[in-house]
Amino acid sequence: ASHGECGRVTVANMNWASAEVLANIDNVILTEGYGCDVELVPGDTMPTLTSMMEKGEPDVAPEAWINAVREPLDKAVEEGRLVYAAESLSDGGVEGWWIPKYIADANPDIKTIDDALARPDLFPAPEDASKGAVYNCPSGWNCQITTANFFRAHDAEEKGFVLVDSGSAAGLDGSIANAYGKEEGWLGYYWAPTAILGNYPMTLLGFNAEFDKDAWDSCIVDAECPDPEKNAWPKSEVYTVVTDDFAKRAGPAIDYLKSRAWSNETVNSLLAWKDKNQATGEDTAYYFLENREDIWGKWVSPEVAEKIKAAL
Amino acid sequence: MAEQHTGIGISIKNLYKIFGSNPEAYIDAVKGGMTKTELNEKHNHVLGLKDINIDMPGGSIQVVMGLSGSGKSTLIRHINRLIDPTAGEVIVGDEDVVKMNETELREFRRHRTAMVFQKFALLPHRTVLENTVYGLEIQGVPREEQEKHARRWISRVGLDGFEDNYPNQLSGGMQQRVGLARALTNDAPILLMDEAFSALDPLIRMDMQSVLLDLQKEIRKTVVFITHDLDEALRLGDRIAILRDGEVVQQGTKQEIVLRPADEYISSFVREVNRGRVISVDMVMTPLSGEPQGMPIRSGTVLEVSAKKMTDSNASFAHVTDADGKPIGALDIQEVISAMVTPVDHETAA
Amino acid sequence: MAEQHTGIGISIKNLYKIFGSNPEAYIDAVKGGMTKTELNEKHNHVLGLKDINIDMPGGSIQVVMGLSGSGKSTLIRHINRLIDPTAGEVIVGDEDVVKMNETELREFRRHRTAMVFQKFALLPHRTVLENTVYGLEIQGVPREEQEKHARRWISRVGLDGFEDNYPNQLSGGMQQRVGLARALTNDAPILLMDEAFSALDPLIRMDMQSVLLDLQKEIRKTVVFITHDLDEALRLGDRIAILRDGEVVQQGTKQEIVLRPADEYISSFVREVNRGRVISVDMVMTPLSGEPQGMPIRSGTVLEVSAKKMTDSNASFAHVTDADGKPIGALDIQEVISAMVTPVDHETAA
Amino acid sequence: MEWLTEFPDLGTSTLRNIRLTVDGAFRDFTRAYGESIELLFEPVKWFLINSENFMTDMPWPLILGIVAVLVWIASRSWKITLSSVVVLIVIGLFGMWEDTMKTIAMTFVATVLAIIFGIPIGIGMSRSNRVQSVVNPILDIMQTMPSFVYLIPVIMLFGIGKVPGLIAVIIYAIPPIIRLTNLGIRLVDKDVLEAADAFGSSSWQRLKNVQMPLALPTIMAGINQTIMMALAMVVVASMVGVQGLGQQVLRAINNQYFTLGVLNGLAIVGVAIIFDRASQAYGQRLQRHTEVVHG
Amino acid sequence: MEWLTEFPDLGTSTLRNIRLTVDGAFRDFTRAYGESIELLFEPVKWFLINSENFMTDMPWPLILGIVAVLVWIASRSWKITLSSVVVLIVIGLFGMWEDTMKTIAMTFVATVLAIIFGIPIGIGMSRSNRVQSVVNPILDIMQTMPSFVYLIPVIMLFGIGKVPGLIAVIIYAIPPIIRLTNLGIRLVDKDVLEAADAFGSSSWQRLKNVQMPLALPTIMAGINQTIMMALAMVVVASMVGVQGLGQQVLRAINNQYFTLGVLNGLAIVGVAIIFDRASQAYGQRLQRHTEVVHG
């Protein structure tokens, strides 16, 4: 592909670890492999997606957690403003309620949400130690509603728990770090793959129910659902989102974006490396490209792969 | 002194000023005769000026005197409309200052008036020189010329060497002189001087009085001069107006005021004057009856001097002569001395 | 007047004050004789006071005079240490103010001194009453008593009815009187008055002078009084000190100053005084030679009065008697009149 | 020529090592002392929780009444009192009552604390150039250091919730009141101070009788800015788990709910204006002398 | 009794409908007029991009030189100039040179614009109580409305990037300078103003010769706060696509890199202090008369 074909591409560089790494990988591959003129645009999830929907800029959001922003995103796809490219995390993100590994090890009988909810004493609430706490997902994310509904479905309140708002991802992370610091219990919503889980090993709790899509769509995602039932989290979809406009003009580059996918396991190991070294997204991208051709080799044609290897 | 008035005349007509939140509401009551005290106690408004009518001929020095709080500063501020009157007219030249619009007023203040403030009102962030040029700077005079004039006046008021000091580095009297230099540098035909010499020692004060009188000899300005010093008033003033509680109680030439005070208030006011040096023989001479007796004394000689002359030559009588030496009146040493002595009883100073 | 000094004496010794960024550096040069001009031009420091030595007996009124900028305000500020001297001592009672620590100084200022400022320095956010009670409030006197004293003095300075006005609603002279009331309410044994009457008209000024003199009759305070008005100085002052360029050029009783001015500067200073009302016959009488002639005149009578008495009775001679009627000196009308006339030549006022 | 456009830094690995060491040390520190530090803040937490409970449990007409009375006491102005009540009613009608109460509880406590601590610090600064030159850079840091940088360690110490929220709000809101108190006092007319000294005012009397009253317009500007800053931090506070309007704003932002965001934003503005107008009117009452103008 | 603790709001469905309608209308508006509005801001964008390019492309010794010269011109103080250079060198050594240059470019433009627009607005406010009572609530909104509430619509109009960043920074940073200019001018001594009037000053001369110089200490406090606010917004700006130190801070936050956050935060503080000290020293030079104290 020549320069003319691909042209200028703006790639959203969102500020959580895995997205950052992926954006940097795209940067290298699109530049070296497809001759694009890539610019990384920093930004938070919502400003970035809003801009993509309304202004068609940036062109690519490498890693969008659909659940968190489902409503506006679905609408934009419907209106033909955005297109889903590859499901970048092929085996999907894992969402659910987690407890620290040391608690799980010390209390082997806690395996499911209900088991944990039986022990409010293990998970003291920050502002009322007589109660247990379930840390909710950050404000405004979809998971805030689903977690709240899970909370109600499991009658957690009657079992002596309160639902604690975490406010933001940083807040949620902080609460985990805090619990670890004190070796205290922590119970709440989290997701994988993430850097945090590398730093603070956590155990995912079982759901006490199978995933029921109808109940999910009709009730669990509705903040005002009167009587939620127990359910399980579905696999969380993580897609690469591109603007419609870019999909149309990108040429071969769009094929790359449609096939680029990796697994939880890959991401986890990469993030562990990144965290251990406090590396930047760029460092990690190069580390990945240098060491894991087995994975990225499949995303591009052999000629392109050669070009990239030559540039490393 | 001369009657040749060439400057711009000021004529104040039926001027009223009421201080307070709603002065218009009480103007009629005041015109109807409500007193200052009544207005203050009943309506919480202060009667600043009441029915002021003063004609100041162009080129003369009009002195305004009166008790503290009688409205002198308020009056002088009306002439350049720093205060808007509640009612009345202030005719300067042939324009009514009260009716001027903003631009006219600005031009009027720039080119027609200059003011010395009772509380100096220097610009604290400007040096003496920068304060002094202020009026000319505002007028857009070239910088060089500004400084030329300013330095001349700074030197004239005795502040050589302090050009680059800030006001808060100066003594009170020096600050007052900066205010004076600032007003004089402006070279306006009307000078408004609100207790302009009050913080000065007698020597510099005399000197400043001379500055003013010399100035009057060269260019005839119209000067409105507020002072509490009767000697100063008599030395400078062509005409004197005396205020009390916002009203004019007497106005006229200085001799009229000293010799024929309109009421007890004014006579107590002029009691302290050094009469021997103010009153001339013309005021005490009796008409010539028969031949002129004793030594001749020139008309206009002050009592002090003629008393000395007469006692020196041991004469009980003398006669007053006009410029040509023609006798015009008779003098008696007893009359002279008693006119010199303060009329009312006073303690003998220790 | 009486020599019975009961108040707290003030004695200023070798006081120097240099203004500038590094005064200590030049103190020796100044002691060595460097002049004010030299210091200013070469080193950009201002010599405020130079080697001041004044003894003010307790209970007397010490007047300080001098040209504008000669250091009067600077000097008075040293007495309550609003300005720290560069060198020297200020002994009040038997304590050196310069050596006091913060607490002592505060107590000293609270209970020993009260001050009237040249520029009034009223607290703009407080009403007249609140300004006046300030000193007592600071001392922790009960509110009722504060107000009682304050109202008495407010009324005494003629501001009845203005208790609840803010300073910016008052005329300049009224503001000055608030400052006066504030100092008097404090009832301290030392009164520091920096041109305390400068903004007052003659009537109120006389009245305020009487207030001060009456006060001295009851309780003997030590008063340091700066004024530019020689008449006032002579009326009030027991002793007068005259400053020039930061130095004391003459000090002594008022008669000494008026009759025996130390130099040209001082004589020009006292020239303008109304001598007839200041100088008493005692100053001009000649020793009795032979029998007392003419009418008797009481010792202490001022010239003006005795001249009137003598001319009224047509007498060329008189004799001065002491309190018991014993003759102590001879008077000649010619001497009396010529002592009344200002000694130097002066223009005849128009 | 790359060294010309690329600043020669310490090198990636050195920097990385520095970071790793410091991070590790800090983490160890929080683990070791976290609990004891947390204990220190227990009373604050208790106070915050109770004031929030008070605001949310109280029947709304009572709250309206209390607000009206407080605003009246401060401002003595019917206009301000009435508009405060109207603003609250409108907020309630739009379904933001509960969140608003939580926000008021939090920011009220923070603002009051900021003023209570800020004014004395400002006074201290105005007294001594030394203190000023020490405090100034600290204030610079407090205002420009991004709050999350210090919030992360704070969260590690305290967990999420009201305490880190309060800390963030106070750190951010306190500098204006400190700076403007300092400035106001330093600008007080020297002549007037001299008069106060001459009567033997102790430094406290001088402060109370002269400096504070005359510095008041500037100090009130500081209080205004402190209130504005405190309410500007509502969203940040909600990011670390403080409930209230900020949370709704976050929800709105994350879902592109334009109107919801604006409504909640306006509610925050409304609270700010109530706080501000009441306090400014109070300040105005304290400086009646400025109403009188010559001429 | 629920109606007592639950404020009787308009009802969920009404509120939802209101929100949906407004949201829809707004979206339509931006889609219709977005481009033309965007065109308006092209020059600003151009200017921003160029100043950033200038800062990043320029060899670093030259930048150091330029900064030193500018700081020197403003402050005329070796101490301040030298410390500015040292701060920048330390920032460079810690590998934050490029991000810092980007941040400086952005906040410099924003601060300068805020001052250029803020001072005239403040002057206008000081002239008329009417203007003041209109502008004040607008300033309240600008300071307390959470930035994202207006940023989302701005992004709809402009897309993410420098322009919304600049808008956010200016909106947030301009109120202090406006308010304090207004306050400063209103506090100028009436006597001195009267003197200026008596000599026939036009209102511009009166402003230039008297009001501004005497209001300067307060205006400088406003400039200080404006600088602080502008740099406090660096992180928010980076959330909407402005590159620089803010981005690193966000990264640090999201990865719990304590040291990285602190370092970048300190770099922001460093920039703030350079801006502030230089401008304050400049202000100080303009008011030499205050250095002279009686006694």
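In this document, chain identifiers A, B, C, D and E correspond to the written order of the chains, with residue numbering beginning at 1 in each.
Heads up, the rule we're going with is that a contact is a pair of C-beta atoms (placed from the backbone, for glycine too) under 8 Å apart; a residue touches a chain by one contact, two chains touch by 3 or more.
Everything numeric in this text was worked out from a predicted model, so none of it was measured.
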Other chains in touch with both chain B and chain D: C, E
If a chain touches chain C and chain E alike, it appears here: B, D
Per Cα centroids, the chain farthest from chain C: A
Interface numbering overlap (same over half, different under half) for chain B and chain C: same
Between chain A and chain C, centroid-to-centroid distance (C-alpha), Å: 88
Distance between the centres, which are taken as Cα means, of chain E and chain A, whole angstrom: 34
Gap in Å, rounded to a whole number, between the CA centres of chain C and chain B: 27
Where chain C and chain D are represented by their mean Cα positions, the distance between them in whole Å: 55
Residues of chain A whose C-beta touches two or more other chains: 46, 50, 170, 174, 177, 278
Contacts with two or more other chains, residues of chain D listed in rising order: 12, 19-20, 23, 27, 148, 152, 190, 194, 252-253, 256, 293-295
Per-residue multi-chain contacts in chain B, two or more chains: 82, 119, 168-169
Complex contacts: residues of chain C adjacent to chain B: 1, 19, 37, 40-41, 46, 65-74, 118-119, 161, 169-174, 176-177, 195, 198-206, 228-231, 234-235, 268-269, 272, 274, 276-278, 280, 298, 300-302, 304-305, 307-308, 311-312, 314, 316, 333-334, 337-338, 340-342, 348-350
Contact set on chain E toward chain A in their complex: 12, 27, 30-31, 34, 148, 151-152, 155-161, 164, 238-243, 247, 250-251, 253-257, 259-260
Residue numbers on chain B that touch chain E, as the complex places them: 80, 82, 105-111, 113-115, 117, 119, 121-127, 134-135, 137-139, 166, 168-169, 186
Complex contacts: residues of chain E adjacent to chain D: 1, 4-10, 12, 15, 18-20, 22-23, 26-27, 56-61, 92-95, 97-98, 137, 140-141, 143-146, 148-150, 152-153, 172, 175-176, 179-180, 183, 186-187, 190, 194, 217-218, 221, 224-225, 228-229, 231-232, 234-235, 246, 249, 252-253, 256-266, 268-269, 272-273, 276, 293-295
Interface residues, chain A side, partner chain E - complex: 15-17, 20, 41-44, 46-48, 50-51, 54-58, 169-170, 173-174, 177, 195-196, 199, 224, 274-275, 278, 280-281
